[in-house]
Every structure is written in structure tokens, then in C-alpha cells.
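Have a look at this one.
Chain naming follows the written order as A, B, C, D and E, and within any one chain the residues start at number 1.
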Amino acid sequence: MLFFRKWGFPAVMLGPFILLIAIFFFLPVILITILAFTNMDSAMQWTFNGLANFQRLFHDPNILEILTHTLVYVVFTLVINVIFGLILSIITTYFIQKESVSLFIRTIWMLPRMSPPVVYILLWLWFLDSSQYGVLNSIRSLLHMGPQALLTTHPMLVVILANGVIGASYGMIIFSSAIKSIPQDLYQAAKVDGSSTWSIIYEIIIPSLRWPIMFVTMWQLLSLLTSYEYILLLTKGGPLHESEVLSLYSFHSAFQNFEFGYGSAVALVLVVIALILSFVMWKVFGMNKMIKNSRID
Amino acid sequence: GNQDKGANANANAKANEVVVIKAQTAGAEKTRVDNLVKAAAQLNAELKKEGKNTTVQVETNDFQGSWDDYAKQFMLSFKAKKEADIYATGHDNIGWLADGHYIQPLDDVKKDKAYSDVFPTLWKSVTYKNHTYGIPQDTEVRPVFYNKDVLKQLGWSDDQINSLPEKVKKGEFTLDDMTKLAEEAKAKGFVQYGVIHRPVDGPDFQEMAYDFGAKLYDAKENKLVLDKKAVAKQLNYFYDLAQKKLIPDNLTSMDWPSIHKTVVNGKSLFFYGGIWNVFNWSQDNFHDKLGKVDAKWVNDHFGMMLIPAADKGGKAVTLSHPFVYTISSQSKHPELAKRLVELVADPKLQAAHDVSTTHLPVTKKASEEPTFKNDITLGKTTYMLDYTTFLPNAQGFPTYSKVIFSAIQAVELGKKTPEAALKDAETELKSSLGDKLKVIE
Amino acid sequence: MKIELRNVSKAFNKNTNTIKNLDLMIPEGELVALLGPSGCGKSTTMLMIAGIIKPNAGTILFDDEPVNDVETKDRNIGMVFQSYALYPHMTVLDNIAFPLKQMKVPKEERYQRAREAAKRVHLESFLDRKPSELSGGQQQRVALARAIVKEPRVLLLDEPLSNLDARLKIEMREEIRRLQKELGITTIMVTHDQEEAMTMADRIAVMKEGNIVQYSTPMDLYQKPENFFVAQFIGTPPMNFIEGIVVPNENSCEFKMGETMFTLPIDVPIQDKTSVSLGIRPHEIHVGSEGDLQFKVQVLLAEPLGHATLVSAQIEQSYIRFMIPPQLMPEAGSILYLSVKKESVHLFDAKTGERLV
Amino acid sequence: MKSLRKTPYFIAYIVLGITTLPILLMYIWLILNSFSTRMKYGFIPDHFTLENWSFLWSPIKQGGTVLPSIWTATWNSFFFSGMLTLFEVVIGLMAGYALARLNFPGRQKIMKVTLLLHAFPSVALLIAVFYILNFLGLYDTLWGVILVKTALQVPMTAWIVKGFFDEVPWDVEWAGLIDGCSRLKVWYQIVLPLVKPGIAAVTIFSFLSGWSEFLLLYSFIVSDDNVTLSAYLQKLISDPNMINYGLLSAVSLFYMLPIIVMFITTQKSLLQVSAGGGKRV
Amino acid sequence: MKIELRNVSKAFNKNTNTIKNLDLMIPEGELVALLGPSGCGKSTTMLMIAGIIKPNAGTILFDDEPVNDVETKDRNIGMVFQSYALYPHMTVLDNIAFPLKQMKVPKEERYQRAREAAKRVHLESFLDRKPSELSGGQQQRVALARAIVKEPRVLLLDEPLSNLDARLKIEMREEIRRLQKELGITTIMVTHDQEEAMTMADRIAVMKEGNIVQYSTPMDLYQKPENFFVAQFIGTPPMNFIEGIVVPNENSCEFKMGETMFTLPIDVPIQDKTSVSLGIRPHEIHVGSEGDLQFKVQVLLAEPLGHATLVSAQIEQSYIRFMIPPQLMPEAGSILYLSVKKESVHLFDAKTGERLV
């Protein structure tokens, strides 16, 4: 009885969560770890081949380039995502007091996320298409400027922008919800204490957003590391390998070349990188301290 | 496997068994499976005659999505024993399907009289490790479209224009001639570009390899082949086009609609297309003024020819990508499925499908169907089947194709010389294909 | 800094004005206490002076300059909020140092001064805690330290000592008063502790329903409440009121309630039969007959308070309370003879509430 | 003086304008495109037409196939996203509360593990998940996909709401206990209403991800009865040579409409935050 | 319900015990006031009785049954939190009705009773507001109404009246006291208002640093503080202390401080030269020589309080404060002769703080 009092409630609250994750997330994770040591291909046979996949990966002529792209892509997109998400949320919750205007702006920024990915990417493609039929080039030709082919000349830039615009809305929503939860009297006190607008942002809003900022940063970092959908649709990793990132490479290996074993090995490398980065961030953000004890015994 | 949707035990003494056969195809051409439904009607009549208490019911499914996803779905559903009995797919999938024991050999179906008059080359496309694993369903060819209006501007007579395909066929008009012609048209300002090809990876690029005499697959060793000499020529060809500014700077980053618009509006003299493009252009507003254009308009303004031979007197080529029926190795009713596949070869069914989707038939009989013969585009291109080539069926070919495409892209963008591109391609192919690759110097 | 409110009104919703045409002038360097019943608009007035709430009408002036459009941060104010409004993510020290940080005081000096302020409110050993780890009184003291640390020109204190124990309260009062006097900080303080208001304030403004009913010195307020409301509001225990009518005589006045009748020691002419409230503070009532007005009551309850005994008693229909020396403990039901001095008698018109005498 | 004070606002609006305008234009372009046969110079609408919107009342033909009714797809999408949102939000809120507010050993570990799981690309998981689903007999069922999707997403929900639960003052929870609630009741009667902005955020994210889910449905559902809007869209673009862009624009606008409405309604709940009042502990 | 705390300890962190071996017994139906300096652990004690915080050691008993493992919701408690802890998302009415809802009282009756409770705290016209739209005092009254509405068996009041004005405070006190008596609710109240504690409580527990230093009736506490801490803590204005040493004579005691020396009116034997604190309450000091102990002081400051004048004066190094009749206003620097009665003299050991006399 006493045992139940102590453990019953956490168990009830956490049970479905743990169960679901254990079966549909944790177990698959173990499976793909095993998979990385097989040479499973389209025949879908679990034949172990030891470290062969990793040896191949090590000798892969493109791997270094891909790693660099991954880094560039993740870092820049992440910065746009978090910083811009923050700016947008502060503008729409603190600067613009008129709720309807804020909502309008937030909605616009959500549009990319709410559109079907293919259509969002098609919009970019239509705009940036290198022929004279691209909207950008149409406009440029009206202004007597030559056509531009951003997708070939700066594929990574386009990839980062397209992903940045989508990612910003993620932070925007979470942050603005969190800002809305800040009690008004804190702003009042800060004003009385002589805070300018900047310092209210810096001293009151941002510290109150510590958890969301930290979460969004870490989560987006991992999301970006593992995401490839928009790149796949936008540039397919090309031209050449110029916008190929590790996760896309894993996808290409697994689902275009049907080398599931190799694809899993690539994914595992990704996971190791993610593990290291997460660990560093966990420390940097002082996550442990943000997990507080219950004040009901 | 397929399930029996319950035996319909009537009060009648004779219980009638309903057998469900599932058939799946991908893409918009649903007639590929709908024809099977019609064939089932025929089959049922035959079964009745044979006095069997079985009724076949075909359940169809048309997958929409990429070929990769189509393949993936089949693998998974097969493992879950929920796959289709009759799986229609591109012939080039036969390799992995057979290797993975997903499908069964259909050598006996090949022998059936329904398939006795198949264009012989087509059997090549469905043969893997000395067995016939698929039955051709339809095919197409990938001609070069040439703009008649531009040729007229260049001073060509109607006769000259209309006999061009013939000259190509005979090897009189070579790839070099084609390039020169493009150069001329561009220099004179009649067109913006000389040549347009597809913007993304695809079989079209391999037809150029064949044109330069490449071998892509060694059936004996079951290995993909990197024929370095031919590939070098292939790369040089595209490098040359780019250097001469005959293709748009960023062709490989254009989207499909822009390609179609460029071609339909006569901004390019040549276009490496496929016969189905005629159908595409009738579906959307690609023409700046006319919007959608029908087959007649296209034939009035464009001609279609084989890919000109690389050398004078050489063999002009094209490439086909036949669609085939395969039968799952887990099928519970393989015999019925096979009979369906035999019955679906009916010329009328074929012709109906081919005309509505702009494809070519696989049997001679079908090509003689009046409805087919009357088709303005198809009738004119069927001869190309005699010049056609196929992609290898072997596993790993998508990887091969992707690497070659990258190399082409690199030379077109001027980022690599053909030599460097070839070298990189070789390294990459060796790394990813390992012992599945054979390199010919 | 002189602070003035001219005809200020504020409404939170359309139906009612929370503050109605309020006028108030606080001379430079003075400490004014706002006193009034719960919900009468004291905090709202403070927030308007701070510039956090904008009045719907009227002008607020600092040193005769209208400041309606001056931002809060530029008003140089220190404030203790009724809800404290501590910054939950900062330590005590950072909370206190925050106003200095906004003034760009160098770090070292900033923490130095913050530590001194913390010491003044006896929080020197809690500097590293977060507000959520403090007791109520400790939180309140953080708020106080934060308000005074920057030595503002205006100090707004909204019940700054309500959660402190008596001893600390006295200490803090002295601290505030000293600081305020030394630096000449114009201070407005809301308090419910009348002793606090009486001992600390130069003036007291008594508010009622969004308006000021009397604004004057503590003594004046105590001794000469201008109307019934102030009289009953000021003083603990509160003034006793006996309802009755006045019957003027040749040279004096008779006060009549039910059967009882006694002579009022006043010499102001009052209309016949005016209904009045006769007010007498509990402290002014003495046992015996030494005063100018005499009457007898029946004891209901006697409570020992330590330094005195608080007696509740009945006279006709009215109840009165008064203090007697702690040694006395009259039994319930016993009769006591009481007397009051002439100066201690307050008389209010029962209808208008205006002071008559 | 007054204008100086406004500088931060001014800068804020400029930043906002410059960045927001292109996005707005993109979507205006999409709308115009859906109502015109052609765009002059790529961006000026030419002939007004309603043809692209005809899918609303009659099924569209594409090549040889007739696409299923858009309304079936819409209903399926609603069902799928609705169920997903329900599961994800409820389970996520429960777990988030436990992680934020209950004492039990291994709390940190659970948080770390759930975060790190996210480092596994969902593509890579696809094959592994297939084996699990197949083992459980959930392959080719909508519920299977719902469960998988919930599992993949719920850590995020829990993490987000944990942040919101952290901000709830403890004293109201105490008051709830005093007033006779069990902790479960405190959770849903008192704490949940106070984290409404957080619930709004996670609801919109989970609904959105359900609405646009494609890969899993596409990989784990063979039968065609369960076509959702994203699959419907996929049908429109599956052949790159045969995309009708006007139609695609119209369908994607149709696709976006419910989610925009949903977004606006959930965001409106932000207006009703009841922070403030009392001294927070 | 009888409440007992046995040897209870609570630590928030490893270094210090906030509550140390606390013992307390509250008889059924009594009202006990907890009095103590800010941060001494009063709220913590309350939360432990409520079951929200679990003690690290010791037992809490309700009617002699240990309740350490009984959940809060099963303890049938009403509580006013120091921070009010209103439910921000509910209206005033819903806030008040909430405990009844948990008891499954039918809707109609529930709102009926909630409305009555609201009336008792004069909030009948605010029922539809959210807490954030109320003034501080109004919020506190909502908290009070919510605590009493279900007529619990135990009432825990953590400074329930701190933000109310004097008049309302008295009314509420009476309301609480009446209810508590009528229903026999065992009540524990934290207050910083000593008058409140004195008038309302059956017993007072004086706390210091997590422990109880004296627990007894109000009168006892006032008249016989057991040690120096209680003496100085209880009573406003606080007791005066004069430091000195005792020099016993044959039949009396001399008190010596610096130059001054006077006879203490006590007859208890005290060791020679003991350092002591002599405590006298301000109210017990009279001008003149009518008492048993006499001394003279020099006036520093005289403040009028209305009902009296508060004088601060110096005797040798010590400062003392006392009340004189309001008519008197001695000037600063003047000399006053004062006297105190024998009973009013408190003597504490300066080292241990223990009461000597």
C-alpha cells in the first residue's frame, strides 16, 4: 500500500510513455544497431559481416566532404532556427501588443511548416528555378538582370535558408507560449528597476525561457542532424555532393541503394556525433540543475 | 500471399470458391492492372468451361510515388506476407527481386503461345541469371525530339525535315552532325539552346553510353561494368555540349516544368525525351500561348528520331524501359496468376493501354491492332524497338547510375574535366559496389 | 521630488471607475501613508505613479512636470510590490543588485551595495538562494532591499512590512525612515498598520472607494477626523459610536438614545433632533466620573491584553469597547460608570457623515 | 525623445517586415496560381479560373487513374491526426508532469535517454520498426502507424511541457491537495489549465506532424483505403512529368486550410493565460 | 481534532535543519497561534501538519493516530497560504467552491455555500472576477473563504489577515473565532500581529530557529516570559532592557549599571555579580514615584501616538521607551523620574537568557 503510494502515481503517469517508447522506439534503436553489423540488402537477410560496413565507411571517398556539409548545415540552420525563433516570438509577444497582429505574423511564419513539404519545396524551386521560367529570374529579367542559378551555385545556402525559415517557426511557437506564461508583474518590477526594453528582453524574458531555449536548441540540433527530407526534395544532395549531409547519405544508402546494413552504419556514426554534441550541450546548459525536486513530499 | 476471401458455401451442392489475386502497379498507368481485371473475366469463363468451381477476383492497387518507395513497400509487405501476387514493375528490378527470392521464374509463361510473337529483344530485358523472371507488359522508346520549325528557319525543306529519322537510322546523320546543327541554330539566334536533356538522373544518360558502344553489364559474372573508354566519350560529349553553351548553364537544377516549357516553346532545337512526353504536353499549360498542346500539334512541330550514331555508319540507338509482370514467390495461387498474365497479353487489351498511355506494345500482334496503328505518335516510333537497348537488371545499378550522373553533372557545370570526373567516378563506384563491379580499361 | 496627482481617474472596465478624480500633492522629501479599506484603490494609485498603469484621465506631475508620457524606467523609482514580484530566476543578491545593473553601476560596486542593502534587511546569509527557497518574510525583505538599493528619488512601498514580525517591523520602519530622511526621498507607503502610518508618515491620506476623504497629519487625523468614515477607520481599537438624536437646551445639548439621555459637553449650536453619531475612542473612556460626559454601561466581555483589559459593553442598543487597567477584570453583566473628557467627544451627522463637533 | 524611445520598436518592425514579406508573397503567389490558368512572367496571374478547385466537387482524373475523393482523404487525415494528437498530448502531458514534478529515481536518465533517442534518424529506424510492427501484427494497420508515430513524437511533447510545468507555482498545487484533490486531480484540474499555452504549442505540433505524415503511412500501409491528404498530394506529384501545378496549388491550399484554422484557434488560447495574482512560490 | 507533533525535524538541505526536534500538542478545538521571527519555520511547520512536506524525522499525530503517511487530501484541512495560492484560472466563486467540489457536494448547494462564505468575507460583489483582477486584500479574503467553506476539522491559517485593513481585520478575527468555536475546529494560526495572537489564541507557541521556546496562554506569555527571547519578542512596543549586574544585599538586591545603582524589589536569592537584563514593558513605566522601583532618565524623543505619547529616553548606556499620557509632551533633553511596580519587573540571566525573576 505504502509502496503504491510512493511509486503508484509516477508509474501511472509515466507508464504509457515508457511502454510506448520502449516498444516502438527503444527496441528499433537496438535493432538498427545490430543491423549496422550486417550486410542486409534488398533481400532483407540478417547476415553479419562484422565491421565491414564501418571499414567501407572509413574508406568512403565522400565521407569527409559529407561530414563538413553536415556541420555547416547543422550549425547555420540551428543558429537561424533558434535566434530567429526567439526574435519572432519576442516581437510577436512583447513588442506587438495587439494580439490579432501577432497572430497574423505568427501564422505567416507557420505557413511553411503547415504546407505540404513537397509544395513548400516546389515554391522554392519555382522561385529559384534557373531557367527564365523561375519567378526570381522572371523578375530579374524584367529588371534586365541575367538569370541566377542559386541552386547550382549556392545549394547549401538555399538549403539552409529553406530549412531555417521552417525551423524558426518551431522556436517561435514554443518561445511565445513560454513568454505568454511570464507573470506581468515581473515586467512591471523590471521597469520600475529602470530596465530598458533590451534589458527586459535580456534579463527577464530570456532567463525565463531557459528551458525552452535549451530544449529547442538541443532538439533542433538533433533534428537537423537527422533530417534530410527538405534537402532531398530541394537538391537531392546535389549538385554533385555539394549539399549531401550524413542523414541523407544514410537514406540514400538504405532506401535508394537498398544497403540497409550500410545505411544503419552511417546512421550510427550520426548517432555517435549526436551523442557527443548532446553531452556537451547538456553540460553547457547545466541541464542537471534544471531538473528540480518536487516540493510535495 | 493472397487470401481467400472466404469460401462462399451456398445451399447449392456446388460450393463456389472465390480466389482473390492481388495485383499492384505504380504510377498513373492503371490500365496495367485494370487489364488484369479484364483478363480475369476471360479466365473465369475458361474456368467455368473447365468445370472448376473457382472464380478469380483481381484486387488492384496502384502505388503513387518514387520507384524506390515502390520497391521498399514491396519488400516490407512481402516480409509481412501482404504483398501482391502480381507485381508490375520496371524490368530493371528483376535482379534484386530474384536475388531476394521475392519472385518466381516464369520460363513456362514465356513459352506460352500468347507470348510467341514478343519483340525478341524484349526477352533480354526480363532475363536474369538465365531465367525469365518477368513478362513484358509494355515498353517505350526514348527518341530525340527535333524542332521542325527551327529546321525550317535554317532553310531545310519539308522533305529533308521528315526524312531526318531515316537518315539517323541509317547512320548517315551522326551525333556530331546533331551537335553542329544545334550550334548553327543557336549561332543564328533561332533558338536559345541547342540541346536539352532531363534535369535529373535517369535511364536517358545510359543510352548515350550505349551509343558510344559501352557495355554496362556482364551477365556471366553478374557484374556491373564500368567501360572506361565509352564512359569517357560519354562524359566528353556532355562536356562539349556545355562548353559550346548548347545546354542551359544550370540544366541539372531546372525543374521538369521548365524543361517542358523550354522545349514546347521552341527554345531548343533538340530534346532527349521519351514518347510519353507527347502525352505530358497535352496535360498542362506548358505552351506560353496555346497552353495545352495535343499530339497532332506536337507531331506538326516536332519530329522524333533515334539517338544518332556516334560514328558515321554506326548504329543509332534508343533505350527502353519495359514494364513487366512478376509473380510473388509466396503466391498461394501461382497457376491462376500465371494464367492471368497469359491472358493479359491479348492484343486488344495491350493496344487500349498503349494508346491511352502512349506506350508501345510488346507483341507484334498488338502492334498491328488498328487502334494502335492509327495513333499518330506510336505508329511512327514502333520501329525504334529494333534499335533499342535496356538497363542492366543487376542489383546496384541505381548506385552506378547515380555516380555516372554526378560525373555528367560535374563536367557540365565545368567543375571537373571529363578525365577527372571519370577518375572520381571510378573511385566512388569501387567503394560502393566493391566486387559487384568490373572495370574495363 | 514633489509628486502631484491632478484629477486622476482610472477604470479597469466600463462599468466602474476604480479611481475617481483623485487629487493628491506630496511635497518633496515627505513620507505619505495611504490608508484605506481593502480594495479602495491604493495599489492602483501607486502603480499609476510608477507609470505602470496609465490613468484614463488626469495628470500626474513630478516636480510640476507632467510625467504621463514618461516611461517607468525613466522615473527613477524604487518600489515594493504588494506581491513582491521578485525575479524567480535570480539569486537574492542578483535580485537586489538588479536596479543597479540597470544603472550600469560597475559590477564590484554593484554587489558591494547590494550586499549592504541585504544586510540592512538582515538577509546577509541568504544571498545565494533563489526566492522560492525563502520564507514569506524573507521574500518581502528582498523586495524592500531591491527598492532601496538604488536610493531612488521616489519610493513606493505597497505594504512593505506586512509579513514581518513585530520586532523586525520596527527595525525596518526605522531603517526606511532614516534612509528616507537622509536622502530626502519622497515616499508613498501603503499600510494597514495604523501604528506604522502614525509613527512613520508626515501625512496620511485616507482613501475610500477610489478617492481621498482626508489628507492631513497623523495627529490631526486622529484628533479631528473630518467625517464619520475617517473617524471609524482610524484608531485601533476603533472608535465607539453611539447613535442618537440631539436635543439642544438653553446653554448645552442633550443627547438622547432610547431611554437614556445625557448632556453633551459642547457649545456649538446644532439643529434640534439631528440624528447623530457620538464617537468616543476606547482609550479616552475612563472608569469613574472624572470626565465631562458621564454614562453607565453593562459589561458583556472582558479580555486581558497584557498591558490592559479590553472591555466590551452595552449601552442601550449600542455596543462600545474600551480599555481599563490590566488589574481590573469586571464580570460579564456588571454595571460600570464611565466618563469622557470634553475634548474627546466627536459628533457626526448621521446622515451626511460630516463632523459636527 | 519620444522617437528615440521607439527605436527598439522601429528596428523590430523593420526586421519583421523584411523577413516576413517574402514568405507572405510566396503564399500569395500560391493562391493566385491556384486561380489562374497561367502566370505572366511567372508571377502575374493571367486567366481567372476555378478549374483547379474542381476537385472539391468532382474527383479528378490523372492519366488513366481517377483519384479518390478528396473528402475521404480529408476525413482520413483528420482521423489520423486527431488520434495521434490525442495520444501524444495526453501521454506527453502525463509524462511531462511526472518528469517535472514528481520525485522518483532515474528521472534524469529517462530525460537523457528520450532526448538521445531523437538522435536516431527515423529513416534508419524504418526497417527496425517494420520488424516490430510485423511481429505485433500491426503492419498495414492505421493503429500501428499511430502508435509508432506517437512513440517517435511523444518525447518531444514531454520535454516541451516539462518546461511549462516547471513554471507553475507550487503553492496552487499545495492548495489543491489541501482542498481535497489527489495528485492526479491536482494535475488535471489545476495544473493543466495553467499550462494552456504549452498545451496549445504541443497540440499544434502534434496535429501538424500527423497531418503531414507521409513516410510512415506510406511505408507501413499497403492498402489503399487509408489514403490521407498527404498521400493524395503525393499522387498528384508522383510523376514529375505530369504535375498539374495549378491543381497542386489548389490542393495544397485546401490541405493547409484546416491546419491554419486549427493553429489560430489553439493560439487564441494564449490570450487566456491566467498568470498573475498572488505571490508565487 | 487533537494535533500532536513529536520530535519533528525537517531539513531542506544537508547543512541545516529548518525544524529541529519540535514538540507541540494542540488540544482539540483550540486555537493556537504560532509566533516567531521571520524565517523561523512557522510556515514549514504548517506545511508539515498539512502533509505537504514530510518531516525528515518525528511523528505527527491527529487524535493520537500517526498521520505521516496519510495523504493531504484525507486530512480534512482548510488552509490559508501565506501566498494565498488562489487558482488563477478560476473565478472567485469557483475558487471558493473548489473544496466543496472535491467533496462532491451537489452543484447548487456548493455554490450556495460558496456564496455564503464569500459574503462572510465581504466579497459578494466580486464573485465573477479572476484573482488577477482583485486587490491584495481581496485575494487574501478569497483564500480565507476557501479555507473555511468546507468547515474542516483542522484550520491552518498562515498570516491570513496580513493584508487587511484594521477594521476588516477585527471583523475577520471575530468571524474566524466564532466559526472555530462553534464548530470546534482545531486551528493553528501564524500571525505577526501580536494583538491578534493575544486576543484570538487559546495558546501561543513562540518559535525561534525551528524550535518552540515557550508554549502557553497569552497572559502567561506576556506576564511571565520564560526567557529573554520571548520577553523581547512579545509585546508592542517591545519590552525595555537595561543591562547590568546584580549585587545582592541582606534582604534585597542592588542593580548596578555604570554609575547608576538602584534597589530591585525582589526577594529571590541571586548569585553575586550575575550579569542580568532587567526587563520592563513600556506600558508598565509610569511618571512619578508611585512604584516599587524608581529611576530617572533623560528624554531623547517624544512621539504622539494619538492615545498616548511614546517617549524614547536614555539611562546610562541603555535606551528605553515608554508611554505617557497624550497630554504630556516632554522636551528632548529633559529629565523624567519614573517608577515601576514590583510585579512588572523581569530579570533575565544575560548569558543563558533564562528568567531569574
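Keep in mind that, in the parts below, a residue touches a chain if its C-beta (ideal position, glycine included) is under 8 Å from a C-beta of that chain, and two chains touch if they have at least 3 such contacts.
Keep in mind the model is a prediction, meaning the values are calculated, not measured.
Colleague: List every chain that touches both subunit A and subunit B.
Modeller: Shared contacts of subunit A and subunit B: D.
Colleague: Compute the shortest path length in steps from subunit A to subunit C over the network of touching chains.
Modeller: 1
Colleague: If I rank B-D and A-E by number of C-beta contact pairs, which comes first?
Modeller: Comparing B-D with A-E, the pair joined by more C-beta contacts is B-D.
Colleague: State the chain with the largest centre-to-centre distance from subunit E, centres being mean CA positions.
Modeller: B
Colleague: Taking each chain's centre as the mean of its CA atoms, how far is subunit B from subunit E in angstrom?
Modeller: The answer is 94 Å.
Colleague: Taking each chain's centre as the mean of its CA atoms, how far is subunit B from subunit D in angstrom?
Modeller: 39
Colleague: Which whole number of Å gives the spacing of the CA centres of subunit A and subunit E?
Modeller: Chain centroid spacing, subunit A to subunit E, equals 58 Å.
Colleague: Taking the mean of the C-alpha atoms as each chain's centre, how many Å separate subunit A from subunit D?
Modeller: Roughly 15 Å, centre to centre.
Colleague: Would you give the residues of subunit E that are in contact with at least 2 other chains, written as numbers and ranges?
Modeller: Residue numbers touching two or more other chains: 52, 71, 82-83, 133-134.
Colleague: So which bits of subunit A are touching at least two other chains?
Modeller: Touching at least two other chains: 44, 122, 126, 133-134, 183, 185, 196, 208, 255, 295-297.
Colleague: Taking each residue of subunit D in turn, which ones touch at least two of the other chains?
Modeller: Within subunit D, the residues that touch at least two other chains are 170, 174, 177, 234, 245, 275-276, 278-281.
Colleague: Spell out the residues on subunit D that touch subunit A in their complex, using ranges where they run on.
Modeller: Contact set of subunit D toward subunit A: 8-9, 12-13, 15-16, 19-20, 23-24, 26-27, 29-30, 41-43, 91-92, 94-95, 97-104, 107-108, 110-129, 131-132, 136, 147-148, 150-152, 154-156, 158-160, 162-164, 166-167, 170, 173-174, 177, 183-184, 187, 195, 197-198, 200-201, 204-205, 208, 212, 214, 229-230, 233-234, 237, 245, 248-249, 252, 255-256, 259-260, 263-264, 267-268, 270-271, 273, 275-276, 280.
Colleague: Note which residues of subunit A are touching subunit E in the complex, please.
Modeller: On the subunit A side, the touching residues are 2, 5, 295-297.
Colleague: Spell out the residues on subunit B that touch subunit D in their complex, using ranges where they run on.
Modeller: Interface residues on subunit B, with respect to subunit D: 26-31, 34, 61-62, 64-66, 69, 72-73, 76-77, 79-80, 82-83, 200, 256-257, 260, 276-277, 279-280, 283-285, 288, 291, 356-357.
Colleague: Name, in rising order, each residue of subunit E that touches subunit A in their complex.
Modeller: The touching residues are 52-54, 69, 71.
Colleague: Okay, in this complex, where on subunit B does subunit A touch?
Modeller: 68-69, 71-72, 75, 79, 96, 99-101, 200, 248-250, 252-255, 257-259, 261-262, 395-396, 398-399, 402, 406, 409-410, 413, 415, 424, 427-428, 431-432, 434
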